[in-house]
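In structure tokens below, several structures.
Same chain, two partners: chain A is paired with chain B first, then with chain C.
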Partner chain A sequence: MILRLAFASLMARALTVAMTILAIALSVALFLGVEKVRTGAKASFADTISGTDLIVGARSGSVQLLLYSVFRIGNATNNMTWESYRDIEARPDVDWIVPVSLGDSHRQFRVMGTTTAFFDRYKYRSGQSLSIRDGQVMDDLFDTVIGADVAETLGYETGDPIVVAHGLASFIEHDYQPFRVSGILAKTGTPVDRTVIVSLKAIEAIHVDWQSGVKIPGQSTPVDVIRQLDLEPQAVTAALIGVKSRLQVFGLQRAINEYQQEPLLAILPGVALQELWQIVGIAETALIAVSGMVVVTALIGMMATIFASLNERRREMAIFRAMGARPRTITGLLVLEAALMAALGAVIGLALLYVGLAIAQPVVDRAFGLWLPVEAPTLREFSVLAGVVCAGVIVSMVPAVRAYRMSLADGMMVRI
Partner chain B sequence: MTTESPILEMHDVRYRWPGRTSFGLEIPVFRIAAGETVLLLGESGSGKSTLLSLICGTVTPASGSVSVAGTDIATLSAGQRDSFRAEQIGLIFQQFNLLPYASVLDNILLPLRFAPMRRNRLASPHQAAADLCDDLGLPAHTVRARAGTLSVGQQQRVAAARALIGAPPLIVADEPTSALDAATQTTFLELLFAQARAHNSTLLMVSHDARLADQFDRVAEMSDVVTARRAAA
Partner chain C sequence: MKPLPLALLMSLIAAAAYAGETRQLDAHEHGVGQLDIAFESSQIAMELHAPGADIVGFEYAAESAGDRAKVDSAVALLARPLDLFSLPEAAKCTVVQASAELESEAAHDKHEENHAHDDHKHDEHAHEDHAEHTDEDHAAHSEKSGHTEFHAEYLLNCADPAAVSVIEFAYFTAFPNALELEVQVISNTGASAFEVTRDAPVLDLRGMF
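So, the complex of A and B:
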């Protein structure tokens, strides 16, 4: 009965209570949303590369190498020579090696030169392989396979011609060597979706008339002639390596890091990711703290609402007292009311989160390549919700103690 | 029918509001026999509210004894006084008597929530509440209505039903008719008397309206019962 009366009392102040609940709900949705984006981003990053034991590039920072080679974020400061690449490839402990050559772009998307082994060796999300949605892998020198987002954003279909630009955000195009879309990859939720993949030889082919990053004036070798040239690359940006036995990973890593002919860096993708989390950890904490403060603010708002209602509810409290309710029952009623508001706010917040996720999921994926999974709430999320209700109860103690004192002083005689 | 055993007995009661030195009251003797209907007449500021608070145990006297149904409530702890009040006393206020957002039924049943003995006296509290509404002339459908939607007269009847449910030995009414028009006043009082008798409850009503006097077994003037002291103590 007391629960029913507390609920009826809330309903009698529906507008104020609804506003308070909405504030709590929005803050909870924001807090959980930040959590979802944070864990989604982490999972998305962690899912991007799987099955690769080492990544090798020119000596720089391990996080930098991971970011540019796998996530296409930032640029390589240097390349590794083809000789070094071949040396590593020839090592007995190396099972497979896939070169990655970056530096050019098509519109807003990066172009990656590699071999067809990339399509077999690159794995994501616990060992899933890439699959061709439409067409086939590169067959001709000027064939390209494009990621799902490239095709969707630019409206490309197999057979369409595309022209690669030199460098990033550049107006100089390799327009004498147009490519043809030979295949479109299925969506992966990784940076591959936003990559234009060409053969390693194609990267060399479009740079035939270039020297030291600058086009040689007046020179434009015909495509037919290019096809006849020896297009072995001189350098690659990085390489993905799989070892024959996991036990050999550290030995190979050390050997590459101590490679005498060229300063190279070999990293374990998982370890580099951990380093990345450590770097972004501070920002993450700040983000959580800010969204946590929003929840606290909403709960303080609820406390203010309860405080504001105390005076107009002195008669109600006096009636309870006259009927034999103890002051602590009055206190309990207010705490119960706060718990109800906080619980409703938490549940509505959770619902808002899922509605928001359902709406934002495709938009965020398209805009940022971040896949936010719509999954059942985790134990952590449930504990956040329970925490909000507990915090609501604690915060309500302040007006509840005031109500206790008021009801002791007023007794059952209030003349308003 | 009245009996001689007192339901309320106050002796040498002295009370002063905490923090106030300028106002206090003394009650040398005040007795009400079980089954009696008593009208206590007094003007505003004569200490009626303080007297009722003392009887109901929401305040305790500095000295003297306040006995309700044979129990000196000054000897009870605060929590025990609250339970005792719920069990022994049915209260009706002047107005704003009910929880406006709750149903009539919940309002009537509210004291039983804090008074298990009163509740146990009833085979079916819901039926008892419906019967009281019927006896007090409230239409059957009002039981489910929100109290705030009723007229003032109807609300006072609901308040009477709430005071009477479970037949507490003492009904205390604080100016219950002051918000009612003359015709409604008479009907309300007739119903209240009839129900108080039917439930063997004693009725103490506080009012400033002397015209009601001839309907009660006994009339007491506040000035005869209470000595209010306004000078600095």
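So, the complex of A and C:
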């Protein structure tokens, strides 16, 4: 009975109520959206590397090393010499080591030089291996394997020739070496999707006619001469390492960090990631706080509209009272109306979130490489929604108590 | 004018030798030690690095009988891992191997040079330094001759390593100068870092299995 009354009363003021509900819905969608992006980003980062025990690079910071070697964010301060790489490779506790050589680009995508072992050793999303969607792993000096996003964005098929440019935003292109797409990787949701993979030797081959970052004028070595050259790399950017036994990880890490011949740094990917979250944590908290405040603002807005409506409804309330409604009923009516508005707002907010996710998902993935999963709401999200409804009820108590006190006297009195 | 070219040559050699040296020092923070724990099937390997200041309260070479005794008892204590890091009974862990030692992290170049040139004199000098241990002396000293670090390695065998969900650090009661341990743990779920402090001397490893 009272529910029907509340509903009818809301319908009678449909426009104001709709606006209030919209405000709540938007704020709820924002709050849940921030949460989604936050957990999505974390999961997407954490899923990017798995199965690698150590990452080695020039001595800098662990977060920096992790970011440039795995996420292709930022640049290396220094390279690591090939001799050191071989030294580490020769250590008895090293099971496998995969070099990573960065610094060149193809259009907006980074080129990574590595060995074919990368395809076996690189694991993502708790142990999943890379798989080739089309074609095969590089086999010739000028073969490249491209990530799914590279293929999609640039419309490449296997067998297409491509040109690799030197430096990241360079206009000069290494247009003398005809690279060819030999394989396309299946989508992984990691930075590998946006990478052009070539062999380490190919990276050297690109730079045959280059000295100190400048092309030697008038010089261009024909492809078949390059093939004859000894293309032993001088340096790599970083290396991924797997150890034979986990018990040796820390010993190896220490040995690399204390390596006398070259300042090197070995990091545990999981630990470096944790450090990164500690840094990002402050911003995250701020973001959550701001979106939480938006929800509070929307609820206060609802309180304001209820207060405003009390004035309009003075007579209505008085009539209820005159017809025998207890003051408690009036209070209940107002609280129920508020709860209905908050609940509707929460539900619409949730719906908005999913619509937004569905629209934003491919865009965000393409722009930031961030995969936001569209999943059923978690318990945490339901508790947020329940929290919003509860907060709505609590907030509505203020005008409800006022109505409780005034309902009879106020409405019956004739104002002059 | 004969000696001059020789002198020149000597100085050149010295310069070349100097240029070839590498100089690096580990980070060293008093009160903060490192503990690495690795889980592999039934074995747990632990490695502890703690500044001398944390363990015995000083970092100069122990000269007096009292200081030596302190170092000896600390090393003996560090060689008993289960007394310092108590694992749950259910895990049924036994010590397979435990070793502890005091490493002096010498400030490489200068220090070593001194050693090479005149070992005896250097020792005397160090001795003097400590005999009259003023604040200024200490500052100059610590700049000159690096820090000391205790290093311990343990290998444990556990019947049920997954039962090691929590480690209590009696370490902090044993060494009143130690304030914090930076712990890195690696297990089959990956690597993770923790901080265990004197105020909260418990490591929760439930997420690692």
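Convention: the second predicted complex is superposed on the first by the 407 of 416 C-alpha atoms of A that agree within 3 Å, B and C clash if a C-alpha of one lies under 4 Å from a C-alpha of the other, contacts with A are read in each partner's own complex, and residues count from 1 in each chain.
Just so it is clear, a contact is a pair of C-beta atoms (placed from the backbone, for glycine too) under 8 Å apart; a residue touches a chain by one contact, two chains touch by 3 or more.
The model shown is predicted, which means the values in this text are computed figures rather than measured ones.
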Using the superposition on chain A described above, determine whether A:Leu379 touches chain B (first), chain C (second), both, or neither.
neither
Touching A:Arg246 in the superposition: chain B (first), chain C (second), both, neither?
second
Determine, under the contact definition given at the top, whether A:Val225 touches first (chain B), second (chain C), both, or neither.
neither
After lining up the shared chain so the two structures overlap, which partner does A:Ala289 touch, if you call chain B first and chain C second: first, second, both or neither?
neither
In the overlay, answer first, second, both or neither for which of chain B and chain C A:Ala367 touches.
neither
Note: in the complex, chain B contacts chain A through residues 49, 52-53, 56, 58-59, 78-79, 82-83, 85-87, 91, 93, 96-103, 106, 109-111, 113-115, 148, 162
Of chain C, residues touching chain A in the complex
22, 24, 26, 36, 38-40, 43, 45, 47, 155, 184, 186-188, 190-193
Quick check: in the complex, which residue numbers of chain A touch chain B?
1-2, 4-5, 8-9, 11-12, 315-316, 319-327, 329, 411-413, 416
With touch defined as at the start, can you tell me which chain A residues reach chain C in the complex?
50, 53, 245-251, 254, 258, 260-261, 263, 268-271, 274-275
